[in-house]
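So that you can tell them apart, the chains are marked A, B and C in the order they are listed, and the count of residues begins at 1 in each.
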Amino acid sequence: MSEEFQLKPVSFSPEVLARIAPELSLQRHLSVGVRPCLRSFQEFKSVQINPQLDSINRYTSNQGISSKSTVLGSSNIKCGNTIIFCTITGGFIETLLPNDEADENVKEYEKIYENSEKQENNQQDDSLSNFRTVYPIIEIERGRTGAPTDEEMIISQTLHDTLLNSKILPKESLEIDLGLKTVDKDNNEIIIYPNESKDIDSSLFQFPRKYSFVLYASIQVFSRSGPILDAAWLALMIALKSTKLPCVYFDEKNSNLLNDISSLSSKKSVKTGVVNAKSGSQIICDPTKSHDLKLNNSDLYTTTIGLIELDKDFSVEIEDVENNEDFKALSVDKHTRNEGEPILLCDIEGDAEENAIGSRVVVIPDINTEDDDNLVSVTIIGGGSKVTKQSIQNSIGLAKLRSKNLQQQS
Amino acid sequence: MSIIIPGDQLPVDETTLNSKKLTVGPSIYVDPLLDNQMTISNAGIFTHKEKKTKQLITVESSSKNYIPAVGDLIVGTVLGGFGEFFKVSLSNYKPPAILSYMAFENATKKNRPNLKTGSLVYARISAYDPNIDVELECFNPTTGKAEGFGELTGGTVVEVDLGFARYLMFNENNPVLEHLSKKCQFEIAIGVNGKVWIKGGDLVTTLACCQYIEQAQRLASGELEQLLKKLWKQHNI
Amino acid sequence: MELDAKIGVLNNAGGSSEVSLNGIKVVCGINGPMEARPRQELPTTCYLEVIIRPAIGNPTVREKYMEDKIKNFLNSVIIGNLYPRQVIQVNLQILEKKNNNSSYTSDSDESAATEDVLLELNCCINSAFLALVDANISIYKAFNSNIFTYTHKGSLVKDGLSEAKSRHLVVYGIKNNKVDELLYGENVGRFSEKKLFMALERGEKESMILHSKLKELSVESVKQKFVYLS
């Protein structure tokens, strides 16, 4: 063993270095004032909100064709290079009532309607049980098939919980006012809805059970290049804004009301509360009539900010940085940030940023309210660089700016 | 006993630490990324020992999770023979250690040690690196003699906390074994990996000794005699 | 409700603890560092596996979400580079959860599940700390979690309530007997920036108080482990 063992330095291309040594790669970039994705520190990705895919929606503004489609709302956005499609579909369930109220006796039907009216007047509190959410399924397309990955599961649960906690979708928006398909004096089939005109007798619309919609969202992400929570939420919001819920009617022709109830009670459908719209029951969605989904506040946008401290050990020397036009981000950042404070990076993109940034702040501000209480959610993940009070304040400020921009765009 | 947990400040101040040559024991983490700042990383008993020219700070922790170190004496279970070596398990759910066929007294290529799967060995850790397998040997490296290493026949193994195992091993006249020696004759091999091999005169005595050691972990030294009496009565010895 | 905890409740786990807080009871068992499966191996640090099982039923995406929240900051607290290519498994079983209003509708069940996430996380995090110390796994700093709510009238109350305008879960890391950094903060509802910082500040104070209680329990447990020395 007379040869000396020598370590030869190996060099890697930037993409490989970002994968194997993300902290090193990111710190070197930051010390010169650039980001690996070449945006400046507080520059967000450009968002393009594309027009709706009219051809797949069931109810479109063109009063168009596809009444066979089950898609109630959709959106198509491009965030940087990432493209996201979101479609909203729905089902309906029976609203479960207490045993003593769901009585077969006709007089009891009236009690149900009386009671629910009383409830609406008394419940001014905004407890979570008065709000609904959407059940999202995210697919991040990477050329793989199989069960959802951890990331997909976590994002779909985050969207589900955030939507519920933000109280955007009141339960009344999803409640169905059943119409009725019947025959008029001349034996023609007509479909009538409650509140359409004053002539119609409201006693016609007293049905034994109440129903409400359940909404599902399917979100597909193409070309993922970083955390996609912000973009996925935006796609979901825009899809919900465009969602049209069907008008639903009860077809009385097929069978007797009472027979219907007893046959339903023997089926599994009662336990699950899901009503099969095809066989047995006569609850049908109108092929052309629809109404908009009413949202409390559809201008809520989420913003994720990454926090990272500049580490002097990794800094790279480049002459004349201060005067060079290309490195202006560095000087801007120095003026707004104190020594020792972490750098704020908007819209984390790329392997280096995603793996090296340990601390994040996720903010959802409410820009439509005049109230002081204008924050809906703030999540702070520490453990990487230290999260300081100033950085939280700056993140909230950036989130508000971003939300206002997105509001103008959408 | 000064008990310390993670998140606490070091009970010794900086000036004292800088005065003499300092050795830092386990459970105190010296962070290379933060200029060798010392943090208490595990809970245990804090000790600070000083001599004329050097000092030592350490935290004695007890756990069930054994981390090997060169020179440790351990009790291992043979998992099988593979080519030129035995695979020996030191603890559950960890990669096994390697005991070469040549790592015995008077070992030659033709004279292979006869260890079956499931048998127990008392061995010494000859090499340890976190990135590769642990290596064992069954002889004293300075003398080349067996000196008690090798196969342990009969008896049984008790699993104890690491702290207790070290206590039994490094305290010559510890009350636990002193009391036991007055009650009966036994053979014992203490492994710092938390496994204690014990062999009494017959099966019942061995069983009683085994239960005694297991339960002695939870008792103060004053209660040991009572425990012995209770166990001996229970087993009708 | 006051925290009630026991350490070392599971015989076969490396470290364990059982914590009752706010009507929720969680038992935590920690195993490791142990051999990793090939797909789990990380060359320079340990792989952290967090498993949460709910009180009723099988784990769902909701538990996956909670596991992710805990993993995020736990990775920065455990000194990973002491255990390269090994796995540390943190198992959290929720034994009892808050009673829902025994309402007939499924509406309240669903929203209660989301509301309870923060309460359960609060209990899980405190339980995980005690179990980590019991398991003798090296950590950079101590940590604990507290939950606060703002009522509709604007007062800040410790512990979660049903009717709240906003809820705040705050986890602080403690080093050298002082609050060192904010490890995790989850704030939901309707609140202002001022309210947020007041909650964080209150969190710092409560964190020190809770830390002294958890320290007491840990010290007692260590004394028990070394009882044979006396």
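The rule is simple: contacts are C-beta pairs under 8 Å (C-beta built on N, C-alpha and C of every residue); 3 or more make two chains touch, one makes a residue touch a chain.
Heads up on the chains, UniProt names are A = Ribosomal RNA-processing protein 43; B = Ribosomal RNA-processing protein 40; C = Exosome non-catalytic core subunit.
Predicted, not measured: the structure shown is a model, and the values here were computed from it.
J.: Quick check for the class: compute each chain's Cα centroid; which one is farthest from the centroid of chain B?
T.: A
J.: State which chain is most central when centres are taken as means of Cα atoms.
T.: C
J.: Mind checking the centre-to-centre distance between chain A and chain B? Centres are C-alpha means, answer in whole Å.
T.: Chain A and chain B have C-alpha centres separated by 56 Å.
J.: Please compute the C-alpha centroid of chain B, do the same for chain C, then give the distance between them in whole Å.
T.: Computed value for the inter-centroid distance: 33 Å.
J.: Determine the centre-to-centre distance between chain A and chain C, using the mean Cα coordinates as centres, and give it in whole Å.
T.: 27
J.: Counting only residues that touch at least 2 other chains, which ones in chain C make the list?
T.: Nothing qualifies.
J.: What residues of chain C sit close enough to touch chain B in their complex?
T.: Touching chain B from chain C are residues 14-15, 31-35, 79, 82, 84-85, 133, 135-143, 174-177, 211, 215, 218-219, 222-230.
J.: Using the touch definition from the top, list the residues of chain A that touch chain C in their complex.
T.: These residues of chain A touch chain C: 95-99, 125, 127-131, 133, 150, 153-154, 156-158, 160-161, 164-165, 171, 273, 358, 366, 371-384, 386-387, 389, 392-393, 396.
J.: What does chain C use to touch chain A in their complex?
T.: Within the complex, chain C contacts chain A at residues 61-62, 64-65, 68, 72-73, 75-77, 103-108, 110-112, 114-115, 117, 152, 162-163, 165-166, 173, 181-197, 200.
J.: In their shared complex, at which residues does chain B touch chain C?
T.: So the residues of chain B in touch with chain C come to 1, 3, 5-9, 27, 29, 39, 41-45, 60-65, 93-95, 130-131, 161, 163-164, 167, 176, 216-221.
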